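Next come two complexes built around subunit A: one with subunit B, the other with subunit C.
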Partner chain A sequence: MHSVRVVARRELAQYFTSPIAYLVAFAVLVLTGWQFNVDLAQRVGSQPPDGAAVLGSFAFFTLFFAPLLTMRLLAEEAREGTLELLLTAPVRDGDIVLGKFLGAWLYYTLILGLTLVYQAIWLAITTARAYALTPELDLGPVITAYLGIWLFGGATLALGLLFSALTENQVIAGFLTMSVLFILWLGDYAGSVVQSRALAQAIRELSLQAHYATSFLVGVIRFEDAVFFIGVITAALFVATRVLESRRWR
Partner chain B sequence: MIDVDRLTKRYGRFIALDSISFRADSGEIVGFLGPNGAGKTTTMRVLTGYMPPTEGTARIAGFDVLTDSLAVRERVGYLPETVRLYREMTVRGYLKFMGQLRGVDRLGARLDEVLDLVGLRERARRLVSSLSKGMQQRLGLAQAILHDPPVLILDEPTIGLDPHQVQELRALIRELGRTRTVLLSTHILTEAEQICDRVIIIDRGRIVAEDTPANLREGLARSSRLYVRVGVARDDVAGLLASVPGVTGVGPAADGFLLTSAPQAGDVRPAVASAIVGQGWPLLELRPWATTLEEIFLELTARLDAPVSDDGEARHA
Partner chain C sequence: MRPPRAFTRETLAGWAGVVGTLALLAGGLIALLAREVTYGVFACVLVGAAGIALWMWAAPDDLRAWLAGRPTRYGTTSVLVSAVFIGAIAYAYVLVDRANITADLTAVQRYSLNAPTLEVIDQLAARGFRVRIVGFFSRARLRQQEAADILLRQYEAAGGDAIQVQYIDPDEQPDVAALYGYQPGYDGTFMLTLLGEDGTPRPRSTIQADGQVGTAYFTLYLGGANERDITTGLKTVASAGAFKVYFTSGHGERDLALAADTGISRLFVSLDGQGIAVASLSLAEVDEVPADASAVLIVGAWDDFSAQEVERLAAYLERGGRLGIFADPPLIEAAISGAPGNTFLNADSPLNAYLWDEFGVRALDALVIETMPELVNGSEWLPILNTIAPHTIMSDVRDEPIHTRFVRPLQITDLPTERQNAYVREPLLYTSAQSFGETALSDFVEGRIAYDPGADLPGPLLVGVTVRRQLEFQHEVQPRLVLIGDSDIFKNEYVKQVPGNVYLWTDILDWLTGFADAITFTPVNDPTLLKLAVSSGERNTIAVITMILLPGAVLLTGGVVWWYRRR
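This part shows the complex of A and B:
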């Protein structure tokens, strides 16, 4: 566990030395800020505040920026050759994979934390000004939405790490991750293209959106959704570890 | 400390290591000598737990590289052939990371110590990417000795260093080798002569010779080679020299000839001298041909199939 922490800390620190991480944080704040502003303008005075609204688009943005965060994790080390010293250090391959994943997830959590500013704005508006038509912010769905998006992000990052383990080319790793995330996202709409209801349902069960948009985002914590995300994370990290181990046998 | 037994490594059908065996004890500096692609790096990568062997076993301090990989990796300091470090980290930050990974005690003090040892103390806060190749090499070495390992595996440690640093590093390796086992690869022969207690010459995945540098030299010197310079330029000089009893080969060398003689023939110098003088030719020079490790190396790793090989490098050798 000690080495997991060391690896995770280095990865997290690495994000702060690379421009990509700042650009991602910047882009996410601009996009969610704009989205929040539109939502706010529409709601004030007519609809109850919805703190989770901004997280609906955050999930979509994640499809774009998660690959940017994960693509270099292992691909860069393999290409640069730094992997040789890492793999000859007394550290289990699984610890390296887990550490790198946790570093990325921690950074994701920090970016996610930036969006708490919108919740603070909601709270400030609804408690200080007390519009007659605007009830106070319902914190329940906000909390579940954050829990959901956090798990959702973990799953996308774990998949990204897996693709980063598979290739030495960062661009390919990023592109493959993004493609797969999109397919998993669009799986939610399987019903409109697949005739068989059972098949559509099966595809939908595998999609990322189905386990988030209709449950966590609207204030429902379903056991199966949490299991789905944790399962994706576990499976992806397991396969990534095997892939890393297989490097030794090539 | 290092115990390699019939180690074989195949990449697909290509045999990189063909059943090599050797030992290296504590306090011993063993040099791995061989042309490019001979299997030096492969051996080192197996010993450091980077890749598993196809067959055979390798043990370090009694731990098998395959089944006790972590225990082996704890006890080995490794400097890879091309030192690749995290470029965006600071010198000290990088060493700290490696030290933490290896769980080094009293890391702060140890970092200062090692940085002093490799002469990077004043660059501790600089980024790795700003270091010259030689400095990165030294940082790589710092990383290898950080946890004070009993076994050091150094893949071409002096490459990319200036002559000054090379001397310093060799002295450092000799110093480190006093209490540790050091396995280093090189293709600089004087380096092997200078710092190694024992030399293993490896070629195309096989060990072709293994001895102290002095013994290797002597071994070849025993098949006594003589350098002869004769004061006339005649075509029949070579023929005459070849006809001297005991001489098994005549070849051109510098301005004269290089004679090889069978070991059992004893000293052939009197016979050679009298043969030349008997013809009335002036004998300018007759002396034993000092064998360098370089020659031994070339001889042992000679490419017999060189003319038919399509590998340009082989033909040069």
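This part shows the complex of A and C:
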């Protein structure tokens, strides 16, 4: 585990020393901030507050910025030849993959943590006021939505890491990740496109959104949804490790 | 310059192997999607087999080397290990999916079953009822189906054998959907059906296209996937048999089984459809009104009740019974049809006298005449009911017109006796101010219609009244009475085409029996559903913080880091 920690810390440090990471955080905050204000304007006088609403948009934005966070993880190392050095170090392939993934996931978690400011605003609006009929913020859906989006992000990052392991070209890795994430996102609407109900259901089972939007986002934790995301993360990291390992015998 | 690559036998074999493998994969994929072996699948298999065979024939050494080579050995192992690992994860997912474990973290447990719902489910199971909740979801509504299933799977889990949940795609299984009463517009909604011993839906009475009473699956429309509607449906089923309505017979009452316009078979069907038992009651042949009577209804009797029958009704009301009387005016219908005269509730009737002495209400020997029939109905004896008193019963009727024919005015006592004072008399329906009550009924039969200021009754006239206990007698038994001066109001002809008459009927029945209260489920109050109030000043501050300050701080930090590292 020590080597995992070392790799993860190194990756996280790389994010913070790169302006790209700050630009990603800036873009995410601008987009979610816009979404938060639009949602707030729509709710005033007509609906109760919903702390989870902004996280629905955050999930969509994740499709765009997760590939940006992961595309360089292994592809860049392979292109620059530093991966060979890393592979000769006394570190297991699995530790490298896991460490890089955890570094990315930690950075994702920090960006996600910035959105807590929206929840603080909701709490300020709903609890720190003297109006008799001020609605209460339901914290249950907020907690489940954060848990869900965290797992959702983990799954997208693990898939991004897998594609980064498959190619030495960062752009291709990023593009493939984004394409696959889009397909997995749109899989939620398979029933409107595919003629076979069984096939549509099978596609939906693989959809990331289907395991988030109808459960975590509304305040419900379905155990199978948590297992799905953990399963995607585990499977993607396992295959990425096998891909990395294949460099030794290819 | 690189020399052109020679096209060797090995190159051909290699390409043949690749094409063959791809063709086999394509064939398998097509077969999987089409779920049958099409010509395309057959062609792919042929091409695949030919390609692989060509490879094996043209480059056997190459094939042998590939099979025994290091990449193949390691690669195959790696692929197999990955496949087994992913398979194990998928298996674990399937197991957990079947385990149906859900945690509802909403403040009011919005996606969990409330205690009243669990009680209803227990009642269902205890009474041996088995129900099936059928959801209609087409392919395009798979997402809604999954959202609905969060709640539905809890009903299924809590109900054990008592509750089944089934989803039907109305596009793929239109016949099955139709059996459960699917109609256009029901996509995304639920039905409830009661199952028999053999697990098939129980039949119920229904009105067929020809107007006759037939049978179909017992189905109850639930609407969307929310606890209120579904539990109300379950309560309706759970209360099946707990409510029983008796229709008196032996006095020329309207026929419950008659599907013609003058019959009241639609009332029977509506009661049966809600699980309310219906029976006929001849008061002359029983010692008392059965104890399981939720209400006794007298619909369109022509012969008056004997003193003995009135005593039985009085005894029933003293036990807290509920009585509904729908009385037509005397003489008129009989004179028109040539049948013996209608003597029900006439001036010296024992029942009318009992109603007056006990409750302070009675029917009058008169007929409502509408003096401005051209406004609505076009007939003097189809009065306009344009004055509807505020009453629980009339809450659903609202502005819906109510059709009547040959209506009898009623009277409420002005000076109630001490006994009558134990009751509250609430007017229900009035005729228009332009109407009057013709008391000379024989004149009317002979075609002479004229308002006689001295003898006739000026409008508006009371034609519907309810009686219940005063509030201070709430601790005692609670008899209730509904008296309406017309029975045509509930005959098939009107009920099938006038919504106001249907609402009036169902609300009267609910008021008498308490059926609606028994089946209505009230969810808990949710303080998180209040509307949000934020001033425009606060919104501006929030916008500045979230869209300028916070992203700006992050960008500034990034800039500082970049600048610092450049140095």
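As a working rule, the second predicted complex is superposed on the first by the 245 of 250 C-alpha atoms of A that agree within 3 Å, B and C clash if a C-alpha of one lies under 4 Å from a C-alpha of the other, contacts with A are read in each partner's own complex, and residues count from 1 in each chain.
Here, contacts are C-beta pairs under 8 Å (C-beta built on N, C-alpha and C of every residue); 3 or more make two chains touch, one makes a residue touch a chain.
Since we're looking at a predicted model, the values are computed, not measured.
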### Task
Could you tell me if A:Leu87 is touching subunit B, subunit C, both of them or neither one (first, second, both, neither)?
first
### Which superposed partner A:Ser46 touches (first subunit B, second subunit C, both, neither)
second
### Message
Which partner chains sit in contact with A:Val6 here, subunit B, subunit C, both or neither? Use first/second/both/neither.
### Response
first
### Task
Look at A:Thr17 in the shared chain and tell me whether it touches subunit B only, subunit C only, both, or neither; answer first, second, both or neither.
both
### Message
Looking at A:Thr127, would you say it contacts subunit B, subunit C, both, or neither? Reply first, second, both or neither.
### Response
neither
### Message
With both structures fitted on chain A, tell me whether subunit B or subunit C touches more of subunit A's residues.
### Response
C
### Query
Looking at the overlay, does A:Ser179 come into contact with subunit B only (first), subunit C only (second), both, or neither?
neither
### Task
Examine A:Trp249 and indicate which partner it touches, taking first as subunit B and second as subunit C; both and neither are also allowed.
both
### First, second, both or neither for A:Phe223, with subunit B first and subunit C second
second
### Summary
Residue overlap on subunit A between the subunit B interface and the subunit C interface 17, 249
### Task
Sort out for me which residues of subunit C touch subunit A in the complex.
33, 35, 70-71, 74-75, 78, 81-82, 85-86, 89-90, 92-93, 96-97, 99, 101-108, 110-111, 138-143, 146-147, 150, 169, 172, 527-534, 538-539, 542-543, 545-547, 550-551, 554-555, 557-559, 561-562, 565
### Message
Taking the touch rule as given, give the residues of subunit A at its contact with subunit B in the complex, in rising order.
### Response
2-3, 6-7, 10, 14, 17-18, 80-82, 84-92, 248-249
### subunit A residues touching subunit C - in the complex, by the definition given at the top
16-17, 19, 21-23, 25-26, 29-30, 33-34, 36-37, 40-41, 43-49, 114, 117-118, 121, 125, 131, 133-141, 143-144, 188-192, 194-197, 199-201, 204, 210, 213-215, 218-224, 227-228, 231, 234-235, 238-239, 242, 245-246, 249-250
### Of all residues in subunit B, those that touch subunit A in their complex
45, 48-52, 70-71, 73-74, 76, 78, 80, 82, 84-89, 97-98, 100-103, 143
